[in-house]
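First chain A sits with chain B, and in the next complex the same chain sits with chain C.
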Partner chain A sequence: MSKVFIAFQTNDDTRPIVEAIMADNPGAETEEYPAMIRITNEARLVVKRETIEELIGRDFDLQEMHLNLVTLTGHIDESDDEFILSWENN
Partner chain B sequence: MDAKAPRKKLNLKDRYRHLTRGLEWDPSYQPREKIYPYIEYEGIKIHDWDKWEDPFRLTMDSYWKYQGEKERKLYAIIDAFAQNNGHLNVSNERYINVLKLFIQGVSPLEYAAHRGFAHAGRAFPGAGPRIAAEMQSIDELRHFQTQAHTISNYNKYYNGMHDPGHMHGRVWYLSVPKSFFDDAMSAGPFEFMVATGFAFEYVLTNLLFVPFMSGAAYNGDMATVNFGFSAQSDESRHMTLGLEVIKFLLEQDPDNLPIVQGWLDKWCWRGTRLLSLVAAMMDYMLPKKVMSWGEAWEMYVEENGGALFKDLERYGITMPEALKTATIEKEHISHQTWATLYNYGAAAAFHTWVPTPEEMDWQSEKYPNTFDKYYRPRFEHWAEMEKAGERFYNQTLPMLCQTCQIPMFFTEPSDPTKICYRESDYKGNKYHTCSDHCKTIFDNEPEKYIQAWLPVHQIYQGNCGGAGLEDVLKWYHFNMGRDNMDINGSEDQRNFNMWKGNT
Partner chain C sequence: MQIDIKTTDIKPIRQTYSHIARRIGEGKPASRYQEATLDVQQTVNFHYRPTWDPAHELFDASRTKIVMEDWYSFKDPRQYYYGTYTITRSKQQDTTEANFKFVEKKGLLDNLDDAQRKRITDLLVPLRHVAWGANMNNISITDLGYGTAITAPASFHAMDQLGIAQYLSRIGLTFGGPELLDAAKTQWMEDATWQPMRKLLEDSFVLEDWFEVFVFQNLVLDGMLYPLVYDTIVDGVFASDGGAGTAMLTQFMSDWFSESTRWVDAQLKIASGESDANRTLIEGWIKDYLPRVRQAIEPIAIMTLGDDAGAAMAEVETQLGARIKKLGFNIGDSA
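Here is the complex of A and B:
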């Protein structure tokens, strides 16, 4: 099985993003490093705008993630509502 | 974060489409091949430039908005760092040598990447890749500037960071990174994109930035963590571009496959060899270590690269042999590289040292198959010599690999007690390489690599200021006795401890 991952800086902006990802991706795992958090999941990982907005109580543009993104892998499919990472041949 | 903006009328996909489609026109008074002179000769066939998709779909307004916000965050931290003597909060004076290597060796590559992407962007007839290359070119310039600004705060207090631009084009260990980008930039635009966008950014950059930044965080270097993370937030976009380039080329024409595979084989190896310096940095230069080079290699190349190449199998791409060789060598290269830097510490503009006994125990734990057997005895011997007042400095210049320009110190993949030498004959001369992969790269493009500016050859030919070490260092703009030699007894060490109030 191939894993996809996404990593963010550890800060106040990313805590709700990480929380939303963990809620929307059962089975995903987090690893903490100095100043950085990495989330891995088998084959696919989705970030949903709506879940983040519920947690922070305001509108959220998924491209705000760019500010705190450290690294990622997989093919990206991004729309206004979802940001999806996946491998096709796993 | 931002004030609530009114909902935009177009969705993300539409906005990106408007940015990157329908901008072209058919030239009427110049033939197309004169406007795009570099697009055919590499043999790559493109049938439809509109099939290019940038998955991040970043539009210009968002790009400037987010980049501006990143800059504001970063410079607030750099200011706070300078105002609060942040340089004294790092773990110890050894750590600062990481920054010297970075500003001398890595930051000039950001500038080279800026130039390279500007050139590649100009070369492409399609608006999609042209805009992606333009954004990356601006990003890379930003990285160079933010790194120069951040590290200038260290340059006020410590040696070796005063003239990286001059050093980068002359110094023996800096010809390794310089030649990597010179090689990429002097290739065609497609090869450049595969070399930097895919092989370097996608497959290998995680190994450079992620452990380096976590390492900076762990060692108390707030300023570096932040320029690193600010740069890395762009890297995710660059990596995505790299993967997109590969998919685009492979989907356009089946004839592109062998060309792309050849570039992957070449550039994954060029990148891996370049990262030997990072391996040494991670395992030897960080006083507080985050993970070993071997562990980082497993996480980012074996696991993640494995997933990537499995995904690309559907196009007929196979994992480059180079990465398999590097996997065999992962337990050796950091030790061999650091040992060499230690050897030539008189000719480096950063300090070197023998690892402490505790650090050697860490190495034994991280490299159970190799450290105690092959490398510990060497370092312990050098520690003894130093104790006896005879710190070892190698007096003979090393032979360099004609391709990667690294001194020939790597061992045979099958025998870590034997130095690996390969040679090729070309037009009556012999050329030496450090490995099967560097030899293959040379043999495929000998006319390119015979032009390599090899620092050791240049010194022997009398082109580097003179015959003695002192002459050469002067020509490098090194300050003899301040920038070079062991950390023990250095001016940096004395000052750091004095300013910290350590006795």
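Here is the complex of A and C:
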């Protein structure tokens, strides 16, 4: 199965996002680069608004993520609550 | 010739200050909220006691009967520190500013007759003195409290109440002019309707236990007053009586109340979860203040709602009772 990944700039805004992704995706792995962090997982990665909100203690709009997004792979399935990367083709 | 540009990854030796690392664990990056909150208040090197209170140290945990093993277990679910707090409030200030402009430009208050206007200003404008009292009480919590984790949000809470007092003054200026503020001051000082509230509030200024002030002001008084005034009366009764414009001017108060409730409830849960002694103390305070707050608010509800006051008060009390119960306090029949 192919892998999907998403990479963010490393800063105060993205730390809770990364933490939320790691909590919601068992098996996901992080690779740290200078000023960037990449999260890789088999086949699928999900970013959940609710988990991020719990960590930062305020409302979060998933679109805020794009301010610090560096790159990603996979097909994107996006809603107000979830941002899903996967290779499922349906 | 091929040139390879190499990058070197320099790992920081420390992720945060050592006093933060001791709390959250080595090698973890700390959030700004943690860095601006944890162990910020001084604990040693205060060998001179304040001349105004030689029985206590300047920062002294024994100024309240509440006992905590670690005063930094108080966490703000909103994670406010100076930066996040001011950014959030400045956005809300912009919204409120726009609302005032909109209401004035579209003349949303022009269709109100004199009786309707009087009913609105008689309630809202004297309330600025209540909000100022809430400011005083939260400043007193900030002053006498122990640990930045609860005193810093208390100072934000105090500033919010000052902001609310200013919005209420501005509502007075929008409806009338400076004379209206003077009249409201006279109502606050002399009108029989407001005297029980004034007495209750002024008595609370001299309370010595800052956590008792917290329970009285932020849970019992605000917990009954805000839902009654802003939800039931302004958003309900006034809005259906041609005063929808008024609801735009008090939008901040409603939003702020539901936001700050999360903080207030979290603090009470943490304090009562620490020990049964704390729980019993807080329960005692709640039971003590509920009837007194009810008595102080009742004449104000009657002034504005007349015969409907009883039903509105009962609804607000049930709501507050449910909230208190959800926090795990057993207050029997007092709510």
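Everything below uses one rule, namely that the second predicted complex is superposed on the first by the 88 of 90 C-alpha atoms of A that agree within 3 Å, B and C clash if a C-alpha of one lies under 4 Å from a C-alpha of the other, contacts with A are read in each partner's own complex, and residues count from 1 in each chain.
Heads up, the rule we're going with is that a residue touches a chain if its C-beta (ideal position, glycine included) is under 8 Å from a C-beta of that chain, and two chains touch if they have at least 3 such contacts.
None of the values given here were measured: they were computed from a predicted structure.
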Chain B versus chain C as contact partner of A:Y33, first or second or both or neither
both
Which partner reaches more residues of chain A, chain B or chain C?
B
Quick check on the superposed pair: does A:V46 touch chain B, chain C, both, or neither? Answer first, second, both or neither.
neither
Quick check on the superposed pair: does A:R58 touch chain B, chain C, both, or neither? Answer first, second, both or neither.
both
Could you say whether A:R15 touches chain B, chain C, both of them, or neither, answering first, second, both or neither?
second
According to the stated criteria, A:A23 is in contact with first (chain B), second (chain C), both, or neither; which is it?
neither
Jot down the residues of chain A that show up as touching in both complexes, chain B in one and chain C in the other.
33-34, 58
Interface residues, chain A side, partner chain B - complex
2-5, 7, 9, 13, 33-36, 58-59, 61, 63-64, 66-80, 87-90
Touching chain A in the complex, chain C uses residues 7-10, 29, 31-32, 76-79, 84, 88
Please name which positions on chain B make contact with chain A in the complex.
1-2, 4-5, 11-13, 55-58, 62, 66, 69-70, 73, 206, 209-210, 213-215, 217-218, 225, 229, 232-233, 235-237, 239-240, 243, 290, 303-304, 306-308, 310-311, 313-314
Residues of chain A defined as touching chain C within the complex:
12, 15-16, 32-34, 56-58
